[in-house]
Amino acid sequence: MNFLPLWRYQNQLIDGAIVTLELTVIAALFGLLIGIAGAVALKGRIKSLRWLVRGYIELFRNTPSLIQIFIVFFVLPTFGLKLPAFEAASVALSLYFGAYSVEIIRSGLDSIPNSQVEAGHCLGLSGWQVFRHIVLPPALRNAYPAVTSQFVLLLLGTSLASQVAADELFHVAGFIESRTYRSFEVYAVICVVYFAMAMSFKALFALVGAAAFRWPRRR
Amino acid sequence: MALVEIRDVHKKFGRVDVLKGVSLDVEEGEIVTIIGRSGSGKSTLLRCINALESVDAGEIRVEGQKVYAGMPDLKKFRQHVGIVFQAFNLFPHLKVERNITLAPLLTGRIDKAKARALALDVLTRVGLADKIDAWPEQLSGGQQQRVAIARCLAMAPHLMLFDEVTSALDPELVGEVLKVMEAMAKQGMTMILVTHEMGFARNVADRIVFMHQGRVWEQGPPAKLFANPETSELASFIASAK
Amino acid sequence: MRSFSLIDLVSLFAALRWTVVLVVLALAFGAPLALGLAMGRISRFAGLRWAMAGIIQVVQSVPLLGLLFFFYFGMPVFLGIHVPALVAVTVAYTLYTAAFLGEIWRGGLEAVKLAQWEAGSCLGLSLWQQFRHIIAPQALRLSLPPTVGFLVQLIKGTSLASILGFVELARAGQVVSAATFQPLLTYALVAAIYFALCLPLTLWSRSLEARLDGSR
């Protein structure tokens, strides 16, 4: 076991970690947008749209993320849409995260009892005011744990983008391995880096959650 | 003209006839208590007055204005009609002050500078001025219900509806809520209550309305109604409520 | 280059065998370990609770792909002997399964009210009897939906073994795709096979969940 040969690759590691973070944040943002739109569609009146969203959710939740990345990267070009690796991985991971987000957001909104909505209307508030001030804050709190743990899974899941040679952390690992032949050491270090990132996010989310949701829980 | 005019109101839930031609007037300043067995339609009637449910036939007018779910100015209308629920329905994520000032601020009734004073004023009226900075979850059921009443009072309603507001409370907490309602009655607030508290109905109400099978079965001043019920249904209801 | 033929289809389905083998091995070794982790997490001994929590936290904070590579390359280093790839991969999937199932089952155990343990001890049952006859059955019922849900994650997760050269479903897809230059058809088929495996489990998990909600 010898970790010393890896030392000179620290810049590559840092660059890889940054790309991993970029990929995670991009997929999380677009995924959440998809999630919000999907949750709205599921609550909406258009039946065909509801079915479309249901189909999307099932399709993306019941097939491996790796295959989804392959399809975006290898199959879309046959339709004339050739995306670079990073962009392809972003699209695939956004769609994957979105499929989970729809359900999380929907159940967050559903967790607010109708009596709260009624109480808001009875005070003369408009539909939007009721949503913004009465439904949304507690719904966010209820969805928060699921969203954040899904975010961490997404962070770890971006490692799959290495398989289409996106320049994220895991792909950097392959590059260093090919230069140093220190396979075990490289992947041990990579695991530690992912672990550190995941724990940092968990700690950050805990702090943000504690600051944002201060009202006492229902007894 | 009565403040509330209910004319031959019918309401169905699916196939169940809940209201079968209810007519009732409530004058300004009057305290009307609706009693009756569960399923007699009394809560539904209350919800119709606030347009939480729309009627199938007949009409309800409040201050001369026809009330229904899609009415124009529904929001404005509801600002003038307060309703207190059995389950308090305070907003758990807002402190007591914000629970009270949210609607007055959002509807433009008051500005920010006066908000806290308003909250303090209505809280004083329900005896909870010291809880202005508490979270709802930190309060007892009775206190939560009094905050819910204060929240309505902050809208300066012309009419207050109470839907079994003491039913979810522990027995020892019922008294404090009733006391607040009694004080409001003395100040001349028009109130329609659905309640199981016969003592309160007897002592505070100007008029008792006994509902049975979706109809107003019998009504009158409490002394007369409790002493000499005209119908056997009311007699047996009074006997069972004792 | 050749066209997509029956043989390609057969090779995809044949590769399913490895997908199944990996899932079965991961469950066979991972489930007992998960039970140990879950019980350790609710133990009276703080040290044990922390240790188990730590193990779960570490495994859940590392990519599955990282776990696979770590053991694939690491086991020979640790043990000093050549280790068959299947063993290394099984160790990784076992840990992965143990951590996630352990956490799910801990949730189930903790959801059973303390009064149930007390009621058991009032009847004169030993701690093990309380667990075995009173707590575990209730906890199992509560944690069955997420357990089935995790099974879907595990099936999808076996696709990563392809990266280490296992010719399971995903890898077979890559091979066939490269040989036939028909990525669309091949990957659509691969996705469809995974979908056919996972969807029934997802639906089952959801109906279990709905039944639980209904009985509450």
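Each chain gets a letter, A, B and C, in the order it is written, and its residues are counted from 1.
Note that a contact is a pair of C-beta atoms (placed from the backbone, for glycine too) under 8 Å apart; a residue touches a chain by one contact, two chains touch by 3 or more.
Values in this document were obtained by computation on a predicted structure and should not be read as measured data.
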{"item": "Labels of chains that are neighbours to subunit A and to subunit B", "value": "none"}
{"item": "Distance-to-centre winner among chains (Cα means, whole assembly as reference)", "value": "A"}
{"item": "Pair of chains joined by the greatest number of C-beta pairs in contact", "value": "A-C"}
{"item": "Whole-Å separation of chain centres (CA-atom averages), subunit A against subunit B", "value": "47"}
{"item": "Centroid spacing, where centroids are CA-atom means, of subunit A and subunit C in whole angstrom", "value": "20"}
{"item": "Approximate Å spacing (C-alpha centroids) for the pair subunit B, subunit C", "value": "55"}
{"item": "Set of subunit B residues in contact with two or more other chains", "value": "none"}
{"item": "Subunit A-facing residues of subunit B, complex", "value": "50, 52, 75-79, 81-83, 85, 87, 89-95, 102-103, 106-107, 135, 137-138, 151-152, 155"}
{"item": "Residue numbers on subunit A that touch subunit C, as the complex places them", "value": "1, 58-59, 61-68, 70-71, 74-75, 78, 152, 156-157, 159-160, 162-163, 170, 173, 183-184, 187-188, 190-191, 194-195, 198-199, 202"}
{"item": "Residue ranges of subunit C in contact with subunit A within the complex", "value": "57-58, 60-67, 69-70, 73-74, 76-77, 152, 156-157, 159-160, 162-163, 170, 173-174, 177, 183-184, 187-188, 190-191, 194-195, 198-199, 202"}
{"item": "Contacting residues of subunit A [partner subunit B, same complex]", "value": "115-116, 118-126, 129, 133-134, 137-138, 141, 213, 215-219"}
